[in-house]
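Both complexes shown next keep chain A, but they swap its partner, so chain B is in the first and chain C is in the second.
For the complex of A and B:
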């Protein structure tokens, strides 16, 4: 079934919470209300014509003004795929967990919480999975600033920064030298200085 | 060497004894298996048939740090892995040496600018004796690094008194 047909099928079944169908060249997606997410996922899983038994990917996407959570579903039986999207608040993004319907969402949601900061209500064990405990901040957010150190271990590359500063100063000095030579009208080859 | 460490005068036969101890140490450096990431593959390649490590006496990679002399930190060290590296280094008995293998161990490697979770060089956590650059270093480069550790050991004064 094509994504548009899947959307029409869901609407015909009377599933609540479907907001719109976004056409697109790569991944036509269905926008779903966050509160009705678990219902939509279970209908997609159990219905005989749909049978979406695999959640292949769950990811959080940080935009400038909002967060989104994207679910890629795959049917290993009927060989079709669909994408669900959920739009979330910019200040405190939160969505019901998909792990009640698809247990694989457990670790995917931990990853999304770790890197983007979206909270999943009803998740059995929501804690960081990649970064160590005690890490502050969510690195994949747009306003994230790399930390200088973590629990006493330095995380900046001091030698490389010093070397880069020296290179910049040397380039600036060379550019100034070239500019003053041109102003004096010495007629030398200005390109060689750059 | 405990009671005998740096006690004997630096003359004649004692110098020879020093050389013997150094020769024994450098001919049987036992590394601890500490391949973290891609450099581990090159370390395994160095240990295998073509670039044999066994002819240097280093063929026995001990699984336990308590039985090893040398730690080859082969791979990228995360912030999560850093306390483990430190703990394993502290579990090794003296005398011990450390080789920082690969660009990640030397100075953060390709993650040195934007890697927020990477230790920029393992010498931020443990003292390093030899740095082997490369991404990954060829087995010949790692062998060069290992031979430099051997040179370092050869110059050590273990039994004789060091002059001020």
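For the complex of A and C:
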């Protein structure tokens, strides 16, 4: 079935949450309301004429004024494909998890949370998958800046030189202090011996 | 006298937390598994990926379209041609162009030769994981020939950068086709050797048959594609069902697992599907060489400064590991807005927390080897 026919089928079934069907530009897609996402995915999976049994890809795309979550679905039985998209808030993007319908979304959502920063409500275990725990920031966002240091390791040359200079200064101060102590110490020792 | 076992009823035991990796000879790269084991049986498993994470998707946002093609080689580094192809097809879909006929055939030849090369590595390294040294050298004997053929065409043995947006970079040199035909004959002649040495080997069968069986429902639910999915009995191949390049003109079989030595969807089936696909790829390359047309190798419609119109495209291709897709979002400028890469090994690996509990630690090695993962792709 072509994407337009799939959209009409969903509308005929009375599925709530379908916002619009975009024929272009390239790759027609169905815009879905975030709250009704799980329902739409279930209908797409269970219905006899649709049978979308595999979620190929879940992507988070940051734009200037919004985030978008795009779902590419595939039917291995009926050999057709469709694209769903969800528009999310720019400040705190959040969408219900697709892993209740498609378990493969588990890891895709963890990756999207890690790199783009979209939260998935209802996800069984939402934690970073690539970057280490405690990393600050989401690299795929447009306003991301690399942190200067992570758990005691300098990540930029500037930071490293700063720390090296600090270490050197601390060593020099310690050496000076030791030298002056020695001078005072040897003097007093000499006196004591004498 | 008390029986032996009565002496040991009050010995305290506990589960052991083992970190398998990231440095490990059998995890096919820098993969870390966190395993809780009660003796030899696993009770809990978690996967810690990201040791090879280079954030290639971020790189894709900073470079122009043709500049990103070499980066695709580094994803699944054993099938560079397939990855190049996926990206070029997505961008060509955005631009609305098609490569000329000769380029399509050459692309198919390269992609299928790379499939043979990748499956040979899977065969060789799997035997190494199980404990046999010789099949690796047999596999790499054939793979060296393929890699030499690639070197003659594009100058590189692993990171090809051969596909261009709109075609291929170089034409086939003189004598290449004859050399390729000689290789195909040799590969077909030597294929039964692999069966004598490994596939029908009783130790190998004992290690892999009926081990870590994955049902078709589980495989589909967790996003499995490619040989792993077909081994679980699902008859689905992107080359036949969503054809691209010239696959709709070619004649080949889609191989599924039949549980010949155990159950459908066990490790032996996943291994066997790859072996059968080597023969099918030989068949496809022969047909392409027989029907290779003359013509251009790059379409003239693609300008030097590639600026696709605003839009997005996702093209699925059949990698040796599964379905590879590039979701490219364009905002009309020369630099993509977003390049999202669908890596089959990422999905294939995600079934580990579900399947490992209950297996023995030695079976973990057999299972991961049968998945044929490449960490460059898992971590991107």
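By definition in this document, the second predicted complex is superposed on the first by the 154 of 194 C-alpha atoms of A that agree within 3 Å, B and C clash if a C-alpha of one lies under 4 Å from a C-alpha of the other, contacts with A are read in each partner's own complex, and residues count from 1 in each chain.
Keep this in mind: a contact is a pair of C-beta atoms (placed from the backbone, for glycine too) under 8 Å apart; a residue touches a chain by one contact, two chains touch by 3 or more.
Note that the coordinates shown come from a computational prediction; the quantities given were computed from them, not determined experimentally.
Legend: residue contacts after superposition of the two complexes on their common chain; A:139 is shown touching both chain B and chain C. Taking chain A as the reference chain, the count of touched residues is higher for C when chain B and chain C are set side by side.
Using the contact criterion defined above for the overlaid structures, shared-chain residue A:103 touches chain C, although it does not reach chain B.
Residue contacts after overlaying the shared chain place A:124 against neither chain B nor chain C.
Contacts of A:177 after superposition on the shared chain: neither chain B nor chain C is touched. In the superposed pair of complexes, A:157 makes contact with chain B only, with no contact to chain C. Within chain A, the residues touching chain B in one complex and chain C in the other are 130-132, 139.
Residues of chain C touching chain A in their complex: 49-50, 53, 55, 57-58, 61, 93-94, 96, 220-223, 225, 229, 234, 236, 241-242, 309-314, 316, 323, 325, 327, 329, 337-338, 340, 342, 346-347, 350, 379.
For chain A in complex with chain B, the touching residues are 130-132, 135, 139, 146-147, 150, 153-157, 159-160. Interface of chain B with chain A (complex): residues 79-80, 82, 107-108, 112-114, 116-121, 124-125. Contacts from chain A toward chain C in the complex involve residues 24-27, 53-57, 59, 61-63, 70, 72, 74, 76, 79, 81, 83, 102-104, 106-108, 111, 115, 129-132, 139-140.
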